[in-house]
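Okay, got some structures for you below.
Both complexes shown next keep chain A, but they swap its partner, so chain B is in the first and chain C is in the second.
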Partner chain A sequence: MRLELGNILIKDVQFGDVTKVENNTLFVNKEELINLICEDENIKSVEVELAKPGESTRITPVKDVIEPRVKVEGPGGIFPGVLSKVDTVGSGKTHVLKGAAVVTTGKVVGFQEGIVDMTGPGAEYTPFSKLNNVVLVCQPKDGLKQHEHEKALRMAGLKSAAYLGEAGKDVTPDEVKEYESLPLLKSVEKYPNLPKVAYVQMLQSQGLLHDTYVYGVDAKQTLSTLINPTEIMDGAIISGNCVSACDKNTTYHHLNNPIIHDLFEKHGKEVNFVGMIITNENVYLADKERSSNWAAKLSEYLGVDGVVISQEGFGNPDTDLIMNCVKIEKKGIKTVIVTDEYAGRDGASQSLADADSLANAVVTGGNANEVIELPPMDKIIGYTQPVNSIAGGFDGSLKEDGSIVVELQAITGATNELGFNKLTAKGY
Partner chain B sequence: MKTLLITNNPLVKEELSEKITVKYYEVDYLEILEVVRDEIHKGSKLLTHPLSGSVKPYETPYKSIIIEEKQGELDMDSLMIIEQSIDTTKKFIKGKEVTEWTSEIKEDFQVIDLSIINNALSSIK
Partner chain C sequence: MVKEIERAGIPVVHMCTVVPISLTVGANRIVPTIAIPHPLGNPSLDAAEEKTLRRKLVEKALVALETEVDTQTVFDK
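Up next, the complex of A and B:
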């Protein structure tokens, strides 16, 4: 399966009469976008705002971030099983509005979380401060329940990203990158002397505000399975995960999964990247056992020498992570786990809620308990009030002048467990 | 298998009592874990992970856990998980003031806890 990603570099976003990409600027017809979002009867109204790098703007509470993409050649469409038919995606040609994003905000529940500052010290902790963001502030219809509200926001974000992505369909990309996965036996034949490596991606799958969808299927109802990494670049995995801002994987993270990109980068040079397994993180302990058994079984079946395992979320997924690691190691396959830490504000506490001596190669996305002060911003998009009751905030954390003292866990993407950020820790 | 749901979430008691035996306690998050630990010492087995959900232990006051209620030999795996969960919870609540949530936010926490444990219950049944 071979996919060409054509990156159209977006350096600015502006409102305009027609939604289009011209001279690396994304123009957005605001009215058309609002009408599209308001087709959903559960959304009463929506405000569309723009947030650009360097502006004194705070976006909160952020629910999802989505990169606009469009299929140009090949089967299927973006976000298969959700917006497009369930055709298998991941081959042909896809255009990407690189440097642009749709950001959804909304008060699904009262204690919401997720801050993106476009400038200042907080901006350094989130990759989304570097993007030209089209932000949706959605108001649900009166009395809408939490489940429906979350779904309405999720769909508004995906539809908007697909709508903006269409603007890039006939634009010549600034750069084209190719990604190819061969059938397993051919891949093994092609690079017989390189270590065979697979990627095991763990997906959050527990319930309201803690869900992930694969081709539209709720991941908690799936068994661990194989997927082509290029399918994910076409939106086969989307996020319905709104809790734990710092280490949840937004849809943007899935589309741009850096572990996949790095493994492709090293493919044929240092490693033979032969495949990818997705597995869930359910609450029922027997599900954890079953899913990790299957992840280990599939790793063994692929005949790999090593796997990279990435986690999503905090707490009980630590147990899934260690189960996956230990069971795969016991098959004689080396593992590297990618996680983040809740090691206390001084960094001295036990980082994970589970551990094993076989988990001896660990990459961390940083300590989510580290405290940071975010200065006031001139403009707030979304709702400031929830910041007082935000994850990582605490009573009185929102000061009169608008500054906030929070732990890094309040910042969207700060300690991402795919490594899509700058923080880490090194042993000396 | 006799399953038992231990909770301090009034919404779980209200919504799930017809599906499973619910033991409701008016105690805090940490104390619910301790109730479950005591059950494990009597021989019960954990069926759901005590640290379910990504909402942090010092944020949500609610916790629901499903066990297989029985007496007899100690299940070491269950004991390890509950003890690690208690340690993690203590780490999280240490030095943090208890927030007085509004009734709307409390209801939101109850709905999330209900959703998570109800999804687990669907797998168990």
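Up next, the complex of A and C:
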């Protein structure tokens, strides 16, 4: 399966009469976008705002971030099973509005939404401060149930990203990158002397607003399975969750999963990247056992020498992580786990809820409990009041002058467990 | 909390869903429960069934409390 990603570099975003990309600027027809979002009867109203790098702007409570993409050649469409039909994606050609994003906010959905500051110290902790953001401030219909509200916001974000992505369909990309995964046996034959490596991605699936969808299927109702990494670049996996902002994988993270990109980068040079397994993080112990058994079984079946395992969220998923690690290690396969830490504000507490001596190669996205002060911003998109109650915030987080004292947990993407951000910790 | 109370000489039963974490932190008597969002109940049951379930869990915990153990023990029978 071979996919060409054509990146159209977006250096600015502006409102305009027609939605289009011209000279690396994304123009957005605001009215058309609003009409599209309001097709959903569960959305009462929406405001569309722009937030650009360096502006004194705070977006909160942020639910999801999505990169606009469009399928140009090959089967299927973006976000299969959700927006497009369930055709298998991941081959042909896809255009990406690189540097642009859709951000969803509005009335808070759960209690774990995040903050994105476009400037100042907070901006350093979120990758989304570097993007030209089209922000949707969505108001749900009165009396809408929480899970319906979540879905309405999720769909608004995805639809808007697909709508903006269409604007790049006939634009010549600034750069084109190719990604190819071969059938397993051919891949093994091609680089017989390189260590065979697979990627095990754990998907947040705890339910109660903590869900991920694969081709439209709720991941908590799935068994661990194989997927081509390029399918993910076409939106086969989307975020439907309100788990802690710092370490949830937004749809943007999935589309740009850096573990996949890095493994492709090293493929044929240092490693033979032969495949990818997705597994879930459910709330029943039997599910945790079954899914990790399955991940280990598939790893063994692939015959790999090593796997990279990434986690999403924290707390009880630490157990899924350790189960995956231990069970795969016991098959004689080396593992590296990618996680983050909740080590207390002073960093002195145990970082993960579970541990095992076989988890001896760990990459961390940093300590989510560290406290940061965010200065007031000139413009607020959304509402700042929820910062007193979102995860990482506390009563009194929001000061009278508009500044905010929170744990990094509250900043979208701060300690991402795909290694998308810059934070880490090193052992000496 | 489990360890500190036991340190004070009072035996403890840890009722929890994620048994591996309980084992990692060093609980001695562990009773597995239903699910993380609802350890001691099950919203998919009706009220009478759920009450039976809850009573069974508590009774199991009481049995565990009375049982002599010399190593970490999971009461999953």
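Simple rule for what comes next: the second predicted complex is superposed on the first by the 423 of 428 C-alpha atoms of A that agree within 3 Å, B and C clash if a C-alpha of one lies under 4 Å from a C-alpha of the other, contacts with A are read in each partner's own complex, and residues count from 1 in each chain.
Assume contacts are C-beta pairs under 8 Å (C-beta built on N, C-alpha and C of every residue); 3 or more make two chains touch, one makes a residue touch a chain.
Since the structure is predicted, the reported quantities are computational estimates derived from the model, not experimental observations.
Asker: For A:Q206, decide between first (touching chain B), second (touching chain C), both and neither.
Answerer: Both partners.
Asker: Which chain, chain B or chain C, ends up touching more residues of chain A in the combined arrangement?
Answerer: It is B that touches the greater number of chain A residues.
Asker: By the touch definition at the top of the document, which applies to A:K288: first (chain B), second (chain C), both, or neither?
Answerer: both
Asker: Once the structures are superposed on A, label A:M323 by its partner contacts, choosing first (chain B), second (chain C), both or neither.
Answerer: In the superposition, A:M323 contacts chain C only.
Asker: With the two complexes superposed on chain A, say which partner A:F111 touches: chain B (first), chain C (second), both, or neither.
Answerer: So A:F111 only meets chain B here.
Asker: Taking the superposition as given, does A:F314 touch the first partner, chain B, the second, chain C, both, or neither?
Answerer: first
Asker: Could you say whether A:H147 touches chain B, chain C, both of them, or neither, answering first, second, both or neither?
Answerer: First partner only, chain B.
Asker: Once chain A of both complexes is superposed, is A:V243 in touch with chain B (first), chain C (second), both, or neither?
Answerer: Once the two structures are laid over each other on A, A:V243 reaches chain B alone.
Asker: Just checking: does A:Y301 make contact with chain B only, chain C only, both, or neither of them? Give me first, second, both or neither.
Answerer: neither
Asker: Report, in rising order, the residues of chain A that make contact with chain B in one complex and with chain C in the other.
Answerer: In the superposed arrangement, which is not itself an observed complex, chain A uses residues 206-208, 283-285, 288, 316, 318-319, 353-354 for both chain B and chain C.
Asker: With touch defined as at the start, can you tell me which chain A residues reach chain C in the complex?
Answerer: 206-208, 283-285, 288, 316, 318-319, 322-323, 353-356
Asker: Show which residues of chain A lie in contact with chain B when the two form their complex.
Answerer: On the chain A side, the touching residues are 109-111, 146-147, 204, 206-210, 220, 241, 243-244, 248, 282-288, 313-316, 318-319, 342, 344, 349-350, 353-354, 389, 391, 394-395, 409.
Asker: Mind listing the chain C positions that touch chain A in their complex?
Answerer: Of all residues in chain C, those touching chain A are 17-21, 24, 32, 34-37.
Asker: Hey, which residues of chain B end up touching chain A in the complex?
Answerer: Per the stated touch rule, the residues are 46-56, 59, 66, 81, 84-85, 87-88, 91-92, 94, 96-97, 99, 101-102, 104-105, 108-109, 111-112, 115-120, 123-124.
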